[in-house]
Amino acid sequence: MDTFYYILGGILLLALVIAAFRFFQGPTAPDRIVALDAMSIILTAGLAMLALVFHRFIYIDVALIYAILGFMGIVSIARWMEKGI
Amino acid sequence: MIYYIASIAVMLIGLYAVLVKKNLIKIVIGLSLMDAGTHLLLVAIGFIKGGTAPIFSEPGLTADAMVDPVPQALVLTAIVIGLAVTAVALALVIRIYAQHKTLDIRKISSLKW
Amino acid sequence: MKKLLAAFLLGFIGYYLYTAFAGVPFGENKMEVGKDYLETTVPKTGAVNTVTSIVVNYRGFDTLGEVTVLFLAATGLGAILFGMKGKPEDKHREPSSILTTGAKALFPIIVLLGAYIFIHGHLTPGGGFQGGTIIATGVLILILGIKSFHANHALLSVMESLAGITFVVAGILGLAFGKNFLENILPLGTPGQVLSAGIIPIIYIAVGFKVGAELAGVLDTLMSTTRGEE
Amino acid sequence: MDITGIPFFLAVSFGGAFLAYLMNFAHRFLRNAVVLLTVSASAALLFWLGDETFSMEMGGFVLTLGKTPYSLFFAGIVALLAVPTVLFSFTYMAKEERPAMYYLNLLITIAAMYGILFSLDLLSLFIFWEIMTWSSFLLTIHKGGNATKAGVKYFLYSAAGAYAILFSVVILYNMSGSLLIEDVARSFVLQNPLMQLMLAGTLLFGFSVKAGLMPMHGWAPDAYAESPAPFTALFSGALSKMGIFGMGMVLYQIFLQSPFSLPVRELLAWAGGITSALATLRAIQQTDAKRLLAYSSVAQLGYIVMGLALGTPLSMMAALFITLLHGVFKAMLFFAVGAVYFRTGLTDLNELRGLIRRMPVSFLTVLMAIISLANIPPLGGFVGKWLLYESLIQSDHYFLVIVAFFSSTASFLYVYRLIFSIFLGQEEKEFEHVKEVPFLTMQLPMLALAAVTFITGIFPGIVLAPISSALTYLGFPIQHDMWSMSMLFNEWGNRMNLLAMISVIGTVFLTGFTILYFYRMRRTRYVTTKDIHTSGEVPTENENLTYAINFYQPFERAAHPVLSKSIRAWIDWIGRSVSELGDFLRHIYTGDGQTYAWYVVLFLTFMLAAGSWIL
Amino acid sequence: MRFVFSWIVLFAIWMALTSSLQIQEVLTGVITAGIVASFTWKNFTTKGLRYLHPKRIFYILLYILVFLKELVKSNFHVAWIVIHPKLPISPGIVRFPTKLKSETAKLILANSITLTPGTLSVDIKDNMYYIHWLEAQNMTDEEAAQNIAGPFENLLIKIFED
Amino acid sequence: MNIMTIIGMLLTSLGALFLLLGAIGIVRMPDMYTRMQAGTKATTLGAMSFILGIGFMEPAWLIKTILIVVFIALSNPISSHALARAAHRSGIFPLSRENIDLYKKDNQEDKS
Amino acid sequence: MPELFPLSPVHYVAAPLLAAFLLPLVAKLSRSFIKILPGLTFLYVLYVSAVLYPQALQAPIIEQIAGWAPPLGINLYYGPMAGLFASLFSALGFIVWLYSLTQMKQEPLDRFYILLMMLVAGATGMVLTGDIFNLFVFMEITAISAYSLTAFLREDDKAEAGFKYILIGSLASAFVLLGIAILYSYTGTLNLADLALNMDKVPLSVRVIVFGLFLVGFGIEAEIFPLNGWAPDAYSAAPAPVSALFAGITVKAALYALARVTILLFPFAGSMALISILGLVTLVISELAALHQKNLFRMLAYSSMGQVGLAIAALGLFTAEGVYAALFAMINHAIVKGMLFLTVFAMAGGSATLDGLNGMGRKKPILSLLFTLGAFAIIGLPPFSGFWSKLSVLTAMGQTGNYAMIAIVLATTIVEAAYFLRATGRLYLSEGNPAEGKTPLSAIAALAVLAAGILWIGFFPGSIDETLTAGAQDLLDTAKYTEGVLKD
C-alpha cells in the first residue's frame, strides 16, 4: 500500500511542478492565475491524501477549507481584474 | 535547518520590499511577508519528525507522537494579528491614495519640519 | 545602489538570524511546556485538540487579546475610512448572473461549514478563527457576486458586540464563581463529543461569530470604499 | 507657626503673592493693599527674624533655612527696594495689561530673593534661585513685543548659569552626602584641587551670570530695558545682587581654602574691572534711557565684583557698600525714567528734552542719583567708591585703580547725557501737557530713596555696621568699628563732615556741570528740534546737527573697534551654532516612511554587529 | 416552505460534514442548520420544497447520470487532444440562447458546460450563453445550442421549470 | 482488500492521472482560454476523482468526501467562468484561427 | 459586587474590553452612552487602582489567568511598578476622557472612544502581563489602536502619518515576535519568570541577538533614537487627546516592557549601559530638533522624545536611584506633556503653530497660564514636578559618578528652555489677534487636575516617594519576581 501512496504522491508532486512552471512563465496575469488555480486544486487533492496516509479523518476538513479558500481566491482575483483596484 | 533558512529568507524578502519598493501596496505586502516568514519559522520550530497534529481525535494517539502545539497556537494568534494590521494598513493606503492620487511612497512625505 | 545596500544589510541580518537558529535542532523534540500541554489537555480541559485548549484555555488571555485586535482593526478601519465612498459601479463591471446565482447558493453552505468548524474547534483542527474566516469568506462571495451588495453593518456590529461580551463574560464568570478569570466553570464532559471541554466551545463559538462578523465588516468596508475607483 | 521663624516669613511673602492674585478678582484697591502689606510685612518681619534654623524634608532631600548676618544684609537691600517698587508700580502699572500677573510675579520674585538669602543649603538656594529666575522672566516679557526676545535671552543666560550651579550642587551632594553649605564646605577641602577648581568655577560662573559680569552680561541691557520700569529698579537694584551674594558665599564659605582660590579671585577682579570699563563705554553710546541705565548697572556690578574678588576686608566692605548704594540710586534712576515714560511714553534720549519744569521731582531724583553714581560727596556713592579705590591701592592693584578711575570718570559722560537730554534744553511743544507724576505712589518712592542716598552718605555707619557683621560671618576678622582702617574715616569716625565734603568736591562737580551745560546751551538756537535747516547747508546723515541726536557720535566712532570685538559675539556664535545644529538635526525627521524603516534596519544591523563584536 | 427546504438541505450537509450519528452532533446540526437557514433561505432557493418532489428527484438523478456520461466522454476526448503532438484545436467563442428562465438552472447549465471538457462558459448575458470552445466553427446559434447544451437543457427544464 | 478499496484505488489513480494531464495541458496549450479548458478542468476532474477515491478507500469518510466533490463541482466552474470573463474584459482575447469571438463582437455592439 | 467579583488586576483589561464590546450596542440605545460609558469604565479602573495598588505596595499580586499556574498559563504580575503604571494610565485615561467630552467632535465618536479605551487597556496589559507572548499581543492592541487614532482626523496628511507609524510599528512587532520565537526555540517556554530562570539554555551570542531584536522592537514604541522617525508625524497628526496618551501611556508601556525584559532576561552591564547611552543620544537629538519646530504639536512631540530619552538614560543606570528617577521622570512627563498637548489643542486647535499662540495671554489667560506652567514644569523649574524628577535623574547620575551625563542633561535643558520659553513668550506678544472662544468647563477641569498634579508633586515630592521607591525595588529585585510568579 505504501508503494501506491508513494506513486500517487509522486504524480501529484510532478503535476504540481509542471503547473508551477506555467505560473512562473506567465506571460499574462490570467495565465499565472490559471496555473495557481490548478496548483491549489492539486494541493487540495494532496491534503486529502495526507489524511489517508496519516489515517487522520480531521485532515479532510483541511482539504475542504482549502478548496473553499482556493475558490474564493480565484474569484476575488477575477473580480479585482475586472474592476481595477 | 533548510526550513529555518527558508523562513528567514521569506522574512528578509519582505523586509527588502519594505526598504526598496516604492509602491505602498508592495510595502504592505512586504510587511505581510515578514510576518509570514516569522510564522513559518515558529511552525518549523515546533515541528517534530514523525509528529502528527496535536489532536487526540482518534484512540491510540499518544502525546509523544505529536508536534509541539504551542507554536501552532502562537501562529494562529500571530496570523490574526498580522491580518488585522494589514487591513488597517490597507485602509491607510486607500486614504492616502484618495488624497494624494499616488501610491509612490516618495511622494508621500508632506509631513516635515 | 540602495538595493545593493539593502541586500547587504539584509544578508547581514540574515546571517545573524541564521546563527541564532544554528543551535536549534530542526525536527527534534525540544518541548518544555508543550509536553505539559499535550499531557494535560484531555484530562484537564476535556479538549481533544491541544492547540485549541491552548488557544482558548491555557492561553485564553492571548486569544481574548487577539479577538480584541481584530475588533480594533474593524473599528479602526471604520474610523480611518469614515465618510469615504466609492463611485457607483459601472454597468460593464457588474458581476455575471452565474456568479450572482452561485454566490447565493454557496453562501449558506459556506456559512454552515464555518459554523461546523468553530463548533468543532475542540475536536478538529478548526476553531473560532478558522470558522470565522470561512464565514467571512462567505460574505466575501456575496460582496463579489452580488451587484451593490452591502453587508448589514448594524447586524454585524451587534453580532460582534454580543460575541465579544460573551467572551469577556465567560471570563468574568470564572471570577464570579470564585475561580480565576477565564477559568472553566462547566463540566468537562466526555472528550471527543460536541458538548465537552467546558467553556472552550462556548468561547470558540463566540470567537467564530466575532471573527466572522469582523472580517466581513472589514472586507465590506474595504471593498465598498475602493469599489469602482481607478 | 512661629511668627519669628523663617517659614512664617516666607509664607507671608509667597502667600501674599497668591492672595494678591486672587484679590485681583475682587478689586484692584484690595489687591494693591495686599501687595503693599505683603512687602511691608516682610520688611518689618526681617527685624523680628529669630535665629533658629528650620529644616524640612522634600523629595528625599533635607532643606534647611536660617538667617545669617551675611544674608540679612542682602535681605535688607531687597526690603529697602521692594517697598518703593510696589508703591511705584501702583500707578505705573495701572495702564498696563494683566496687572494680576505682574503683581503675582513681582511678589514671587521678591519672596524668592528672600528664600535665596535664607537658604542654608545649596538645594533650597537653587530652588529659590530658579523661582526667582522664572518669575523675573515673566516680568521681563510682561510688555510683549521685543520684551519677549529679551526675556528669553535673559532666561537662557540665567539657565546656563543656573545649570552650572546645579551641576556643581549635584556633584557636591554626591561628595559630601549633605546639601548644607557648611557640610559641603567641610568635604570640599578634601577633594583634589582640580575638582575643587571645576566645582567652584562652575558655581562662580553660575552666580556671575546673574551679576551680569562680562562676558555673561549679554542678557542684561535688553532685559533691563524691556521690563516694566518699576520692576527694573528691583531687577538691577536687588535681583542682580543675588549673584554677588552667591559669589561671596562660594568664594569665602566654600572655596577659600583651595590653592586655586587666589588666582581665581584675581581673575574675577580683573573681570570686574574690565566689565566696569567696557560697560561704561557701552553706556555712553546708548540713546535709550533704560538701556543706558542697564549698561550702567553692568558697570557698577563690575566694581562690586572687583571689590568682592580682592577679598581684603576693606574691599569687601566696599563691595557690599556699593551693592546697597547701587541698588538705591539705580532704583531712583529707573523710577525717574519710568516716571518720564509714564507721562510721555518715551525713553529715547533723542526725543526727550526740557522736562525740568514739567517734572521737577523726577529731575531732582535723577540729579541726586547721578551725584551718588558719580561718587560725589556727600551722597552714599562716594563712600563706596572711595573704599574701593583705597582697597585697590592697599592691595597693590594699581592697574585696576586706573581702570576703575577711568570708568568712574567716563560715567560722567553718560549721566550728564541722561540728565541733559531729558530735563534740560529747550522745552518742546509736544511736552506742554506733561505733568509731574502723582505724589504718593510715584514721587514718594523716589524721594524716599533719595533720602537714603543722603543719609548713607552722611551716616555710613548705619550701613557699615551690618556689613561688618556680615563680613565677620564670612570669616573676615573685623571688629565692630574696623572700618576705621579706611583713611576716609580715620579722622571722623563713623560720621562724615558734610560741610567739608560739599565744599571740597561738590563744588568742583557743580562747577563742571554748569560749565558743560552752558557750553552746550550756547550752541543751540531756538528752533524746533526737528528743524534741521542750518544756514543753508544740506545736513548729511552722519553730521546731524540737531544737538541731542548722536550726542557722543565722535566718541562712538573712536570706541567702535574696541567694543565690537566683545565676547558677546562668541556667545552669539554658540547660540547660532546650536540653532543651526538643531536645524540640521530636524532633517532627520523629514523623510518618508521608508526612510524611517531604513533607520530601523541600519540600527538593528549596527546593534547586531556591535553586540557580536563585543562578544 | 423555502425555509424548511433550506433547513433540510443544510442539515444534510451538516450530517455529511460530521459523518457521525452521535445525538449531540445531530442536535447541534439541527440547531445550526436552522439558524443558518433562517437568515439565508431567501437567497438560497426560489422554489422550496418542490425540489423534493419524487419526480424532480428522479430527473435530478437522471441529470447526474447524463452529466457523468458527457463528462467521461468529453474528458477522454480532451485528454487525447492534450497528449496529441499537433494539438488539433480551433478555439473560439460561440454563443447560443437558452430557453431556461430559472437562474439556478442557468447556473447548473453553465457549470455543466464548463465542467465538461472542451467547453467553457465565459458569460451569460440575459439569455445568451457565450462559450469558449476548443473546436469552434462558424455555426448558427441554434447549432451551437444543440452541440453544447443539447443533452442538459431539456432535463433542466423538467427539473426547474415545470 | 475489498471491492471498495479497489474502486478507491482505481479512482485515485485515475484522478492522479488527470491531475498530471491537466498540468501538462496548462503548459502545452497556446493561450489562457485553452489552458483553462485543458488544464483547470482536467485538474478539477482529477481532484474530484482522487478525493472520491479516498472516500472509497476509507468508507467512513465517504460521505464527507462526496461533499467535497460536490462542493468542487459547484464552485470550480464558477471561478473558472469568473476568471475567463475577467480576462476577456481586461483585453485578453482567445486565439482563434477563424476569429470566432462572438462575445467580443457583442460587447462592442453593446458599447456603441 | 465586591463579594461577587473580587477585584483583581485582570479587571484593568476586562472592564475596558467589556465596555468596548458593549459600546456599539448601547450606542444604538442612546448616543449619549458613547460618551458616558468610557468615563464610567475609566472611573471603574481608577477604583480598581485605588483598591489594588495599596495592596501591591505590601506584596505583589500575582493572578493566574484561567487558573493555570505559570508557565502553563498566563499570569499577571501586579507589583508596585506595574501598579504604579496601571494606576497612572487609568488616571490619564480618565482625564483625557473628561477633556474629550467637549473637545473631541470628529465622528465616528463611538469608534474614537473604543480605540481610546483600548489604547489604555492595551498599554495596561503590557505592564501587567507576565508572559512574553501575551506582552506581544497587548503591544499589538496598543499599537493598532494607536495607528487608527493617528489617522482619525479627516484632514490630509493624517493618513500619511498613520502609514508611517504602522510601517515602523509593524517592523517593531515583527522583530519582537522573532525574538520571542528564538527564545522559545531554546527554552520551550514563554513565561517571563520561567524564561529568566532558563536563559542559561540560550547561548550568549544568541542572547545578544535577541536583545538586539527586543531593543529595536520595544525601542520603536519607546521612541528611542534612531527608531523614532514615526513619532513626530504621529504626534502631530493624532487628535491632541490621543497625543497626550501617546506621550503619557504608550511610550511608558513600551519602556516598561523594555526595562522588564532587559532586567529579567538580559541583565548584562553592557546592555544596560547601552540603554543609558541611547537615552542620552535620544535626549540630545530630540531636544535640538525641537528647537526649530513651528508646528506646536511637532515641537511637543520632539520634547516628548527628549523627555523619554531622559527617563531611559536614568533607567539604564539600573540602580535603585536610577530607576526611581526614571519612574519619576515618566510620571512627570505623563502629567505635564499630557497637559501641554491638551492645553495647546484647547487654545489653538489641532494645527497649532508657534505664531498661533500670539496674543493668547489676553484672550485665553487661564490656558496661557497652564501652558506656562507646563513649560516651566517640563524644563524642570522649581517648585513644579519637573524639577524634582530632573533632580532625581541628576542625583542618580551623580551617584554613579557619571558627571558627563549630568552636564549633557543640563545642557539640553537649556535648549529645552529655549524653545519652550519662546513659545511661552508668544503667548504674551501683543501682536496677533486670536479668536475668542470659551473653553468648556469639563476641559478646564481635566487640565486643572493635571495642573494640580504638577503643583502637588512640586510642593510635596515626598508624597510619591514611597511609590517610586517601591516601584524601583520591584523592577530590580528579579529574584523576588521569579519566585513570586513560580511559587508553586
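Note that the chains are named A, B, C, D, E, F and G in the order they appear, and that numbering of residues resets to 1 at the start of each chain.
By our rule, contacts are C-beta pairs under 8 Å (C-beta built on N, C-alpha and C of every residue); 3 or more make two chains touch, one makes a residue touch a chain.
Here the structure is a predicted model, which means the values were calculated and not measured.
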| item | value |
| --- | --- |
| Set of chains whose contacts include both subunit D and subunit A | B, C |
| Chain whose mean Cα position lies farthest from subunit B | D |
| Farthest-lying chain, centroid of Cα atoms versus that of subunit E | D |
| Chain closest to the middle [Cα centroid of all protein chains] | G |
| Where subunit B and subunit F are represented by their mean Cα positions, the distance between them in whole Å | 31 |
| Chain centre separation in whole Å, for subunit D relative to subunit C (CA means) | 72 |
| CA centroid of subunit F to CA centroid of subunit G, Å | 57 |
| For subunit B paired with subunit D, centre-to-centre distance based on mean C-alpha positions, whole Å | 67 |
| Touching two or more other chains - residue numbers and ranges from subunit G | 133, 137, 140, 144, 147-148, 151, 159, 162-164, 167, 171, 178, 185, 188, 190, 205, 209, 212, 232-233, 292-293 |
| Sequence positions of subunit E contacting 2 or more other chains | 13, 17, 19, 107, 110-111, 121, 123 |
| Overlap residues in subunit B, where contacts from two or more other chains coincide | 11, 15, 18-19, 27, 41, 45, 53, 55, 57, 68, 70, 77, 81, 84-85, 88, 92, 95, 108-109, 113 |
| Interfacial residue positions of subunit E with respect to subunit C in the complex | 6, 10, 13-14, 17-18, 22, 24-25, 28, 32-33, 35-37, 40-41, 43-44, 103-104, 106-107, 110-111, 121, 123-124 |
| Subunit C residues within the subunit A interface of the complex | 89, 93, 95, 99, 110, 113, 117, 123-126, 130, 134, 137, 140-141, 144-145, 226-230 |
| In the complex with subunit C, residue positions of subunit F that touch it | 71, 74-75, 78, 81-82, 85, 89, 111 |
| Of subunit E, residues touching subunit F in the complex | 13, 15-17, 19, 71, 75, 78-79, 81-83, 87, 89-95, 107, 110-115, 117-123, 125, 128, 130, 132, 134, 136-138 |
| Residue ranges of subunit B in contact with subunit A within the complex | 52-53, 55, 57-58 |
